[in-house]
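In order of appearance the chains are A, B, C and D, and numbering begins at 1 in each one.
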Amino acid sequence: MEKKESKTLERVTIRFAGDSGDGMQLTGMRFTNTTALEGHELVTLPDYPAEIRAPAGTLFGVSGFQIQISSSEIHTPGDQPDVLVAMNPAALKVNLKLVSDNGILIINSDAFQGRNLALAGYETNPLEDDSLKRYQVFAVPITTLTRRALEGVKLSVKEKDRSKNFFALGMTFWLFTHPLEPTIEWIKEKFKNRPELVEANIKALNAGYNYALSTELFSTTYRVDKAKKAPGKYRNVTGNEALSIGFITAAKKAHKELFLGSYPITPASEILHELSKYRNYDVKTFQAEDEIAGIGAAIGASYAGALGITTTSGPGVALKSEFLGFAVMAELPLVVTNVQRGGPSTGLPTKTEQADLLQALYGRNGEAPMPIIAAKSPADCFSAALEASKIALMFSTPVFLLTDGYIANGSEPWLIPDVDSIPEIEVHYATDPDTFMPYKRDPKTLARMIALPGTPGFEHHIGGLEKDDTGDVAYDPDNHDRMVRLRAEKIERINQYVDQPEINGDPEGELLLISWGSTYGTVFTAIEEIRKRGKKVSWYHLRWIYPFPLSLEKYIHNFKNVLVPEINLGQLVKVIRDRYLVDAKGFNRVRGLPLNTHELVEAIENILQK
Amino acid sequence: MEKKESKTLERVTIRFAGDSGDGMQLTGMRFTNTTALEGHELVTLPDYPAEIRAPAGTLFGVSGFQIQISSSEIHTPGDQPDVLVAMNPAALKVNLKLVSDNGILIINSDAFQGRNLALAGYETNPLEDDSLKRYQVFAVPITTLTRRALEGVKLSVKEKDRSKNFFALGMTFWLFTHPLEPTIEWIKEKFKNRPELVEANIKALNAGYNYALSTELFSTTYRVDKAKKAPGKYRNVTGNEALSIGFITAAKKAHKELFLGSYPITPASEILHELSKYRNYDVKTFQAEDEIAGIGAAIGASYAGALGITTTSGPGVALKSEFLGFAVMAELPLVVTNVQRGGPSTGLPTKTEQADLLQALYGRNGEAPMPIIAAKSPADCFSAALEASKIALMFSTPVFLLTDGYIANGSEPWLIPDVDSIPEIEVHYATDPDTFMPYKRDPKTLARMIALPGTPGFEHHIGGLEKDDTGDVAYDPDNHDRMVRLRAEKIERINQYVDQPEINGDPEGELLLISWGSTYGTVFTAIEEIRKRGKKVSWYHLRWIYPFPLSLEKYIHNFKNVLVPEINLGQLVKVIRDRYLVDAKGFNRVRGLPLNTHELVEAIENILQK
Amino acid sequence: MSQQDKVRPGKVQLTRDDFTSKSEPRWCPGCGDYAILAQMKKILPDMGIPRENIIFVSGIGCSSRFPYYMNTYGVHSIHGRAPTIATGIKLANPDLKVFVITGDGDGLSIGGNHFIHLCRRNVDITVILFNNRIYGLTKGQYSPTSLKGQITKSSPYGSLENPFNPILMALASGATFVARTIDRNPKHMIEVFKRAAMHKGTAFVEVYQNCVIFNDGAFADLTKPDTKSERALYMEQGKPYVFGNNRDKSLRWSSNHFEVVPYDENNPDKELMVHDEHSLNPTLEFGLASLSDDPNFPTPLGIFRDVAVDTYEGLLLKQIEFVKQKKGEGDLEKLFHSGNTFYIENK
Amino acid sequence: MSQQDKVRPGKVQLTRDDFTSKSEPRWCPGCGDYAILAQMKKILPDMGIPRENIIFVSGIGCSSRFPYYMNTYGVHSIHGRAPTIATGIKLANPDLKVFVITGDGDGLSIGGNHFIHLCRRNVDITVILFNNRIYGLTKGQYSPTSLKGQITKSSPYGSLENPFNPILMALASGATFVARTIDRNPKHMIEVFKRAAMHKGTAFVEVYQNCVIFNDGAFADLTKPDTKSERALYMEQGKPYVFGNNRDKSLRWSSNHFEVVPYDENNPDKELMVHDEHSLNPTLEFGLASLSDDPNFPTPLGIFRDVAVDTYEGLLLKQIEFVKQKKGEGDLEKLFHSGNTFYIENK
């Protein structure tokens, strides 16, 4: 037996995988939690199937949860797991190709037999042939050991088996020298009405930990140092949680009620779930009969004085597009969140993609400009929601907020801001009924005048037909041309009220990367790697995609190459080519997954070597 | 009294204008008809208000119908009327600014009094002040004269007054030396169940003609020579009619039934009306509960073996966009016609615009490529419908067909083709159940295999989730990336099966115009004018906008300037800049009207003078 | 400072003219819409609602132009979607009196789903549906209430579809106030509008409306002097269902259907059924409404149903109060610091 | 040559297995959907319909995965829109036997409008709605059939909405066959499915279906041995409405509502009302269906309505024939040369 040692790693990636019923999301979340409390940098990626609970043992029923933990700044959940926990053959089959060379495989050997092997498409047992020799394999009879640990607990065998994920979790806690206490506390709270489950799960957790310890299963344990990030209080948040908090904050800062009109759709539903908990924050959530009714109600609420928002994913945006045009025409504040998923059509509903950008830009009849902001990471969803709301109210316009399945479900620590440091959002109302005209505009922002129903003396009409300044329907050709241009100009002016992104790196050189949204993390990591190799590359990450920021103009012509990495077939790159007439190229993978850092590094190297 | 003379003109533009209830559309159509029978070139532009029958005398209730007639090739209804028939003050007020200097005004003077003047916003009677001195004014008490002519006819005064448009028509027939017979025949047929109306309308028509003749009202009559166009049999068609004929032809040539699923919307409803007349052609029209159901039924019919089509306008396209993504994913043949109108939102429903191009290109979630074809004139709608259907069936793909309010309602002579000269449309079905896989592709077109329900041995499933070749749902990342690219590649291959546009003019030079859709006529006329002035300009008009034609590549870099005229804020121009990285500029007017030839000529001159 | 804080001018009795907007109606001369507009303007002054608290929301159609002609707040939205906007308005500000104006196409074709869901939720909104059995604005296609066989622009050989009966749809989806009136009977319309507008919860009123251009005379039988007494049945609370030229007929429920029975005003049958708007279960009302357009029966007009049920927005406000009491007023500080928090210390 | 011309293989008796596709069902273990799938496979072999003429069309939801598991033609379409696709299929090829599979969210929330319009038009399509009173696929939000007060992911403090009763909606919109069955009673389900599938016109079947994960036991009362006799009422044609542990109770219509009355099997009251599926006017059926979920009444199961009315596609074909007879078979030559034609001659 090898001598046991403890290694300190800068960063490591762990992936939990099993059947949909094996509780892998929960296991991942518990691991994440402890990691966060330990003060590490972390980024997570849940990866679950579209089926609620697919038949046991099948490939499509595999549910995964990946987490990268680090002592330095990281922005991706890692390309390749260093450790894979596989609860059955299907989980191994689906995930093995991802695991890094010489990676650790922790395998529930009890599940590797008969029908399970067949369902996963294994002809021979991989634990018994040579196929895993490139890895460090730890085959543990987790089911048997869990049952044994729970002898005497008053539960059926079936119920006892449900605790085996805690056994696995216990083993990984030992491997990463993580404490058990936070999880034990959580179990006690979570199952407080079922004492036998508290007992079972704690026993399984301890048993896993002790098994690893006492069998000296692993020759090494790993430590990741505390991250050297800004000191302060952090909260681990998923993108959908951070977004929800952002909207509640925006409403409070604007002295408005928050009104969400929404229809459930993966991966946006959690925002509805989350916000519906906050009735005491004057949050009114309305689960509508469909996406059209969801946005319609939000528009109505906005007209009546609330901060109206709607949340959905791609197919839902398609349904909302007629109403988006209406909101543009009526010039009402509204934030529309699209948590993008794999498309087209129903596509890959639980996977991530960035392929709805052009839909956000152009997916409406007529000239119907709408500002677009994109969040770059789970925690960033907070500020994106806040900023989107501010601009919507300030310019009296619908705003698109783009996130995606990856950052919506993924989590990372969020440095909790000081409530008072967040500025109030000012909303301007018309004050003089005598000069009031609903389409009279603020000369600076071009936002139209707002008067809320209920205010005497400001009675007026809005609608989807073209209007003149007085709010009357107007068929005059010149008025239409003028209004079409005014609505576009108004959106351009937003640039004067939002930060312009700074270029990262030299203002000229061989290669400029331009990115938006959730690829931020991958690009960050790839650039770090390239620079480590002593090479130069510059980077510009967009927050607002429309209006297009002005600061890029200064640099973009100073680079020999421009590369735009996106999880689509090339959408932002079209906008950049059109606007600057530079021969920008796309780096595109449409695999339902975040971009792979290694592939991107390679692509950059290829350009730099040319 | 001046001596009467007869002038021969090359081309002339006439505009009829009156209250919505004055029958101006009908008058215009009768004038058009006789003009067509006389063998002139003609292009028409109906221009009616959104209201069904707005209150009499108001500005917004004015209905207009413009026609240009010519002995040489023309493609626009004319910028400026040479003759305006104004049945009331509002009609004069709305249209006067369009009339050419020294133009003829034929005015119903009976209507110029009291409330009518006030409703039109005239403070003094324009017939009595100096305001019309730039024109040749013919003030005729049309109401009085019509009543007098109908003395003895058994109708109420109100009913008699309805004939006054025929009086006006009679006058214009005399002015243009047009015969009365075709109109008399038409009246007899149209009102055959109401003999007193036949009598009244014929009497009014004759009275108008005779009044002009005997009072020698006009000092001049005008002749336009027969057009020197290709000999043959012509039919005067509106765009919506030609489109309907095109679809029926396509279905017959593909040996399929035609199935239209649609929901009424201006200006597309006439296609539904027209097609619902042809039950004996096995045309099944289905008026659905909304636009979504319209396209859904068309998709179902297409899957079951019909030629499935749906027709709508911008806001309807917005509603269909989720289903468009489904059709892309399921790879089913379908033609979606968008008769574009003024937007955004409800916008200007009875006006024309080209602002839905980017919606057609990008208005769906995910990477959902759809071919786009645009018709350039009323008669061209026939071939566009035929070609769109052919490609839809051949590539098993939904196809966008763009027209607009202007060509949909406008009319022009269509050279009736020889039925047999139109090639059959071949549809390929899978033939071998043993090797059948629904997503197996034709190696040349990449179209997927088609098997119709009802065929034994080919039972299979289609759907909106990502699929692999066998038709099974597939979550595999690489399969998704491959399928996304295959679907895009398939559309690109259409270029190999459709004509590439030819450049009109030199293959290099100072200025290249690029246009699409209904601006064809205006650009044609503007270029003719520029060339008459001895200057050079080249022109490329797109039929398919996606896939983008390949033939432009050869020329576009050979021009100092590229100008893209569009009735929007610049949509095609974005595509061109993105694709070729040339500094193409837009010529854009968003006035709900066809572009103005003179303005375009001026814009071209400005570029050439630089 | 928000607008809402502005001082309200002293309350004055409003008149019909106060509700007339500057826009002149753009309907065809003779259109039934004019009468509906006129009656609406008549009832509002006496409702005791400040004008600024009234809002009309419509979709698209001739009828949906209505809001432009009322000097109140108004939203002319998109086709079929007025109930969604109205719901958002009412939930955001329950103090407003919200009307939805819609047509048979707008409300029952493209907007049918929003309509039934609105009824189900019982949001406090008054819906007035102008039923002219035709698409007016788009120039004369058949609608979901057009009669089978009707010849229209889109059915040159006759429509193949069975019409909806809007009253049945409202009853089935749970509307708590359901009524029908007709453009040519302004007095009746006023009574019905008043009751509908005062109802708490979703109130649905179908107005038979004549489209002079595309479907003239669709309801003429119900108002022509020679036919109206036989063809129209005006329901009255607590009274038997009397109709006929001589008020000599009535209705009776017989095991599983209605039948017409003789009626003698001076000597009414004591067993005769009487109308009960407040019956919680709307089965008989469903049966009554089914008689519409049946040549063997008169078409009922009046109030089918009027029952008191919690409104959606009422329950929502209650729930908000409940959660506030349980968890305390929402506070950003608390919100930020809940969940999985941890400290990173200065090193 | 089109596929349709291919020679049909000799007719053979199909079995349940012939309808089992290669795809293995992906529902949660214990889900009620399995039972529904099994019964559907049982009835099809005996329907005398060639397998290739059967097509299942669904929307999105757990239930909507159904078509993948049937070895027939199938379309797994988009959320709520199955009735539209199915209508297009049936109109284009009336020889096909078309089923729509939907859920309470798919069919009544986003798809409610298509559902009621389908019923109204009476297209010959069999609709099976899996009602589990929850959104399964999206992990447990309330649906339009969830009970008021239900705690779900999107209603942590209880839903505020009144549920739809799908049977009422189908009756009000004119469905010509309306029935209800339950996943735990396979025998009953088979009977109902057979009748529904054989019906010409829109047939609607609501299946109470248990979602073990998000709404377990929603219909347990109707199947648990100790409660089912009291809580479930199985309707039988021509028979009184008998229920109760000892089959000792029945229903009676009393002036304007139903009431429970004692029943003695051996000495049945001759005046007792009996069930009539074929009654043209569905008023009493409406009343019966309203009893569902009422604690004072049993919930009816079985066939509410089964009447013969012209189908939409039947009328369409008739109209086509009629026009052909009147105008002659369509001919492109004639089409091209109609309208305003004129000659331009060679000069």
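One rule holds in what follows: a residue touches a chain if its C-beta (ideal position, glycine included) is under 8 Å from a C-beta of that chain, and two chains touch if they have at least 3 such contacts.
Small disclaimer: the values here were computed from a predicted structure and weren't measured.
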Report task. Please work out which of A-C and B-C is bridged by more C-beta pairs in contact, and write that pair. Result -> A-C
Requested in this report: Indicate the whole-number Å distance between the mean C-alpha point of chain B and the mean C-alpha point of chain D.
Outcome: 43
Report summary line: CA centroids of chain A and chain D: separation to the nearest Å works out as 39
Query raised in the report: Which residues does chain A have that touch at least 2 chains other than itself?
Result: 50, 60, 279, 289-290, 315, 322, 326, 330, 345-346, 463-465, 473
Requested in this report: Mind pulling the residue numbers of chain C that touch at least two other chains?
Outcome: 60, 78, 109-110, 112-113, 117, 144, 157, 316, 319, 322-323
Query raised in the report: What topology does the chain touch graph have (line, ring, star, complete, other)?
Result: complete
**Report entry** Residues of chain B touching chain D in the complex
**Finding:** 33, 36-37, 39, 226-237, 241, 245, 248-249, 252, 255, 257, 259, 261, 278-284, 286, 288-290, 292-306, 308, 322-323, 326, 330, 413, 416-417, 419, 427, 429-431, 451-465, 472-473
Query raised in the report: In the complex formed with chain B, which residues of chain D make contact?
Result: 2-4, 6, 8-9, 21, 23, 50-53, 55, 57, 60, 67-68, 71-78, 81, 83-93, 95-96, 113-114, 117, 316, 319-320, 322-324, 326-330, 332-333, 335-347
Requested in this report: Show which residues of chain D lie in contact with chain A when the two form their complex.
Outcome: 24-29, 60, 62, 78-80, 109-110, 112, 135-139, 141-142, 144, 153-157, 213
**Report entry** Touching residues on chain B, where the partner in the complex is chain C
**Finding:** 50-56, 58, 60-61, 263-266, 269, 272-273, 276-277, 279, 285, 287, 289-291, 315, 345-346
Query raised in the report: For chain D, which residues count as touching chain C in their complex?
Result: 109-113, 116-117, 120-122, 144, 157-158, 160-165, 168-169, 171-174, 253, 255-257, 273, 276, 279, 281-284, 286-287, 290, 309, 312, 315-316, 319, 322-323
